[in-house]
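We just call them A, B, C and D in the order they show up, numbering each chain from 1.
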Amino acid sequence: MLANPIPWPDGKRCAVALTWDVDVDSGLRYAQPDKADTLVATQSFVRYEPTIAIPRLVELFRKLDLRLTFFVPGWVIERYPSTVELLLKNGHEIGLHGYMHERSNQLTQQDEALVLGQALDAYSRVIGGRPRGWRAPGFAFSKHSLDLLIDAGFDYDSSLMGNEVPYLLQGKAGQLLELPTDWTSDDWPQYMHNRDFGYTMPIASPARAMDVFRAEFDAAHAYGALWISVWHPFLSGRLARLHAIAELIDYMRNREGVWFARLDEVCDHVRGLTAAGKWNPAVEQPTAYAA
Amino acid sequence: MLANPIPWPDGKRCAVALTWDVDVDSGLRYAQPDKADTLVATQSFVRYEPTIAIPRLVELFRKLDLRLTFFVPGWVIERYPSTVELLLKNGHEIGLHGYMHERSNQLTQQDEALVLGQALDAYSRVIGGRPRGWRAPGFAFSKHSLDLLIDAGFDYDSSLMGNEVPYLLQGKAGQLLELPTDWTSDDWPQYMHNRDFGYTMPIASPARAMDVFRAEFDAAHAYGALWISVWHPFLSGRLARLHAIAELIDYMRNREGVWFARLDEVCDHVRGLTAAGKWNPAVEQPTAYAA
Amino acid sequence: MLANPIPWPDGKRCAVALTWDVDVDSGLRYAQPDKADTLVATQSFVRYEPTIAIPRLVELFRKLDLRLTFFVPGWVIERYPSTVELLLKNGHEIGLHGYMHERSNQLTQQDEALVLGQALDAYSRVIGGRPRGWRAPGFAFSKHSLDLLIDAGFDYDSSLMGNEVPYLLQGKAGQLLELPTDWTSDDWPQYMHNRDFGYTMPIASPARAMDVFRAEFDAAHAYGALWISVWHPFLSGRLARLHAIAELIDYMRNREGVWFARLDEVCDHVRGLTAAGKWNPAVEQPTAYAA
Amino acid sequence: MLANPIPWPDGKRCAVALTWDVDVDSGLRYAQPDKADTLVATQSFVRYEPTIAIPRLVELFRKLDLRLTFFVPGWVIERYPSTVELLLKNGHEIGLHGYMHERSNQLTQQDEALVLGQALDAYSRVIGGRPRGWRAPGFAFSKHSLDLLIDAGFDYDSSLMGNEVPYLLQGKAGQLLELPTDWTSDDWPQYMHNRDFGYTMPIASPARAMDVFRAEFDAAHAYGALWISVWHPFLSGRLARLHAIAELIDYMRNREGVWFARLDEVCDHVRGLTAAGKWNPAVEQPTAYAA
């Protein structure tokens, strides 16, 4: 089913990157600056991430010997540094996710650049150096994002939805590797119900949500694709759901040839393939129509 | 999975508190004062609580020898005193749930205090004394709620979502025990479909809703947590759904080591543990960012 | 579970009234008078009722030897008289359902009275005599509806949701029998997805919808209740769904002691019980708060 | 269940037309002209159609020896000519689907005529000749569409929902064959979750979506109907979902007497039947109320 199948390391059949977006209260504060502090239950709902969910995730993935990618807004990096430290100490990757979970495509180019600078400053001050990966908050990658990210030295983005294998985004001054995902692999449409966020959807059982995710994995496994989940610790880190995820991981591990990887490892693998002339990603111009 | 596991009484593995929010027509009248009296079908939908659902619940839980916690707005206490009496006579706990189901975080601090006073007056006049527990209507706990509740002498709150075991909320003049829950354990996202309330969601079968709740219970049982349901008599008290709940209770009773408790009993248990130096809840400052 | 169990005819265990609301294009035209004629696909979606669905329903229920209740707006009675005739000839009951599917509680008392008069005129002109039953379009029974319906000589209403057995509504000049139902028994939350109606919900499979309805039936059967479905020919009359309904009916017929009845027959049965002193329905004042 | 059963070719029991609407970014650009170019993730979500999904579909249906109907807006035909060529070379039919995915019933008659002219020009310039079939974008067939389509020489429309077998639409200057479908056979209510499109629904698993579609097929097979799916390559062309579709096709092929056809073949078959006096479609006046 894949037009341009990618060879995975050691002859593996597919790659799985279980990624997490750690928004905590950034998006809530950004979207509702005057009200966020009095939405106390919803604050407790999302601040559950640093206090409960992340330590739990770290412990689970330590037991499972898995290292994953977490996308974190700059403001969250600054405000919850011990959470960031805990993730790093356990071998997880931290990618950037805006500064205050801003939707980039609702900003001017100048504001987007300022926000990106703020986020990078937070990253370098707390973590040191530069992040390799970016996921646009709310998947709201703008027509300016590509060039801003290339200029800022990012190696990859994981916000777009244009393929099931990595591909290259051609910008003005270079290229950025795209590690694509999809709303289908996000836990939001399965679990989100909260009026303060404006969502009044039914809530699926963990088994039901896993049906959706397992189907994505099964297809990736059958056809050799890269499957990237987009999960949120305040949703999927709750006991029943994380239990179901542990079972899903067990299921995946019992399938032959699954490469569990952080996104920076996927990025390195693609670079290695390209350098060795073993595989070339497709090249796309995601903002070509903007001209 | 729990960072700070709590010892339950008699070596039990987990605690289950099946709590109910008895709004009747309070929220409808509060939100739509000019229209509520002519929304006659929706009135019948919610007034089904005192006439049909509560007596039915009382009878079922008498047979099952269960005593539960019901959160009731002050106005409902005043207007349906025989319902309250029926609940009390059968050993159930009445917690407060606003006066007219006001969303606290949409009130000024002064109005929130007035409303709380009204609710407490209703409670003391009809029931006598003071309630021990509070659940914010619509989970709309405000940045002022904590101190108002501490000042009013409440022992616990059950509106926040920051953990799966009890924790302490640190206020200016003291602490309040938090017995946390989550939208996932609420029957609203499973069953609510009513244009007068502004909800046009699909309606789940009882079996489907129980899948969600059973997963929460199973996780609580597996990991030693406190599971608190948030059910509404006008939704879950209907025949088919209450039948499914009775089956779920049967399922839970067949699992080893489940402590069924009212929230005031959970509160007393935590106090006992703390006094005996056997367990200390985490302490959080839910409104710390408000400064 | 029933506080006031009703004896059904011949020792039957429960009663099932499969009722249908035949709106055709009345509600669409009423709500969007300037646009309805150019919503041609949605027109075809609902006009499928007289052309396809009703003849199909009539044929199916003739084979199954079932006579049911159909609620029809006055304007639909006037515009689709052969549909009405077909239903009547096959022993089905026609109840009224507004004139143009008006939401009664959005009308003034005077307008509601006018509309009711129009609907009754349509009924008497096309069918002759007076209807015995009423269902408020959109369940939008107003605070004036009860007295208007009593004055107009109706025997029963089936718009409210306050019980699972019949009950009496006390009006100023008399009483009206209420044969209650609930959103849960409506096919709308299962199947409706149409932007012209403002609904963008997921669509359930017939099996999934039947899970909801079968649970309602099973509970009615277990506890002796009256189960009233609220189905729409343009939704549930489609092939796959009607096939599933036929299977559900087969399932119900294989349970012992199910009384299939039209609502007028249920009404007569209740009257007979009352006259014979064998059972008394509860009496409610649904508009008591209006004063 | 069918009032006017149609004989299918070679004694087949039912007809299945798996049709696809290939909107790519037309609707997004039309609805949000100032913002579309900066909705880069959503652009990647829909431009996945020409780059990934269509080649994949073509390959799958070549293996399965199936030729299907694809409805494509004129602007998409112009902008993605190699996609169109690929479809045509593989024996698929291209029907028209507006020019920029305009909702016809939100245009004036004059604008609708202009848009139709643009779309026809695009078709004749890129493909040559004229399309035989039309599906109104968003099912928004207007009161003017019928006569415009007849005047433009279309043979059939597939936008309405008034039957499960073909029927004729009577216009001023002639007739148009209607090959009807329904929202139920659309993948949108199962899979769509995207804020840029204004949809925040839960996402179903492929198995769940197939439950809905299989029920439609089973009913068509049981009763001899025409089943027309309305799928979108950017939704149903994703790996896991297309895998499920391949399984559904396998299931259908294992049932006896299924005629897989393009809509132009269905159209020809109906004409043949009519010419031979073997079957007459019902005739409807879909805009009769417009007068």
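As a convention for this text, a residue touches a chain if its C-beta (ideal position, glycine included) is under 8 Å from a C-beta of that chain, and two chains touch if they have at least 3 such contacts.
Nothing here was measured: the structure is a model prediction, and the numbers come from that model.
*Asks:* At the chain B/chain C interface, shared numbers over all numbers used: above half (same) or below half (different)?
*Replies:* Answer different: the two copies use largely distinct residue numbers here.
*Asks:* Round to the nearest whole Å and give the separation of the Cα centres of chain A and chain C.
*Replies:* Centres of chain A and chain C (C-alpha means) sit 49 Å apart.
*Asks:* Quick check: how many Å separate the C-alpha centres of chain A and chain D?
*Replies:* Centre-to-centre distance between chain A and chain D: 35 Å.
*Asks:* What are the residue numbers in chain A that touch two or more other chains?
*Replies:* Touching at least two other chains: 201-202, 204, 208.
*Asks:* Which category does the touching pattern between chains fall into here: line, ring, star, complete, or other?
*Replies:* Topology of touching chains reads as a ring, each chain with two neighbours.
*Asks:* In their complex, what parts of chain A are in touch with chain B?
*Replies:* Per the stated touch rule, the residues are 25, 35-45, 47-48, 51-52, 55-56, 59-60, 191, 193-195, 200-208, 238-240, 242-244.
*Asks:* Can you check the complex and tell me which residues of chain D touch chain C?
*Replies:* Listed in rising order, the residues of chain D that touch chain C are 1, 3, 105, 136, 138-146, 159-164, 180, 182-184, 188-190, 199, 201-202, 204, 208, 211-212, 215-216, 218-220, 222-223, 225, 282, 284, 286-287, 289-290.
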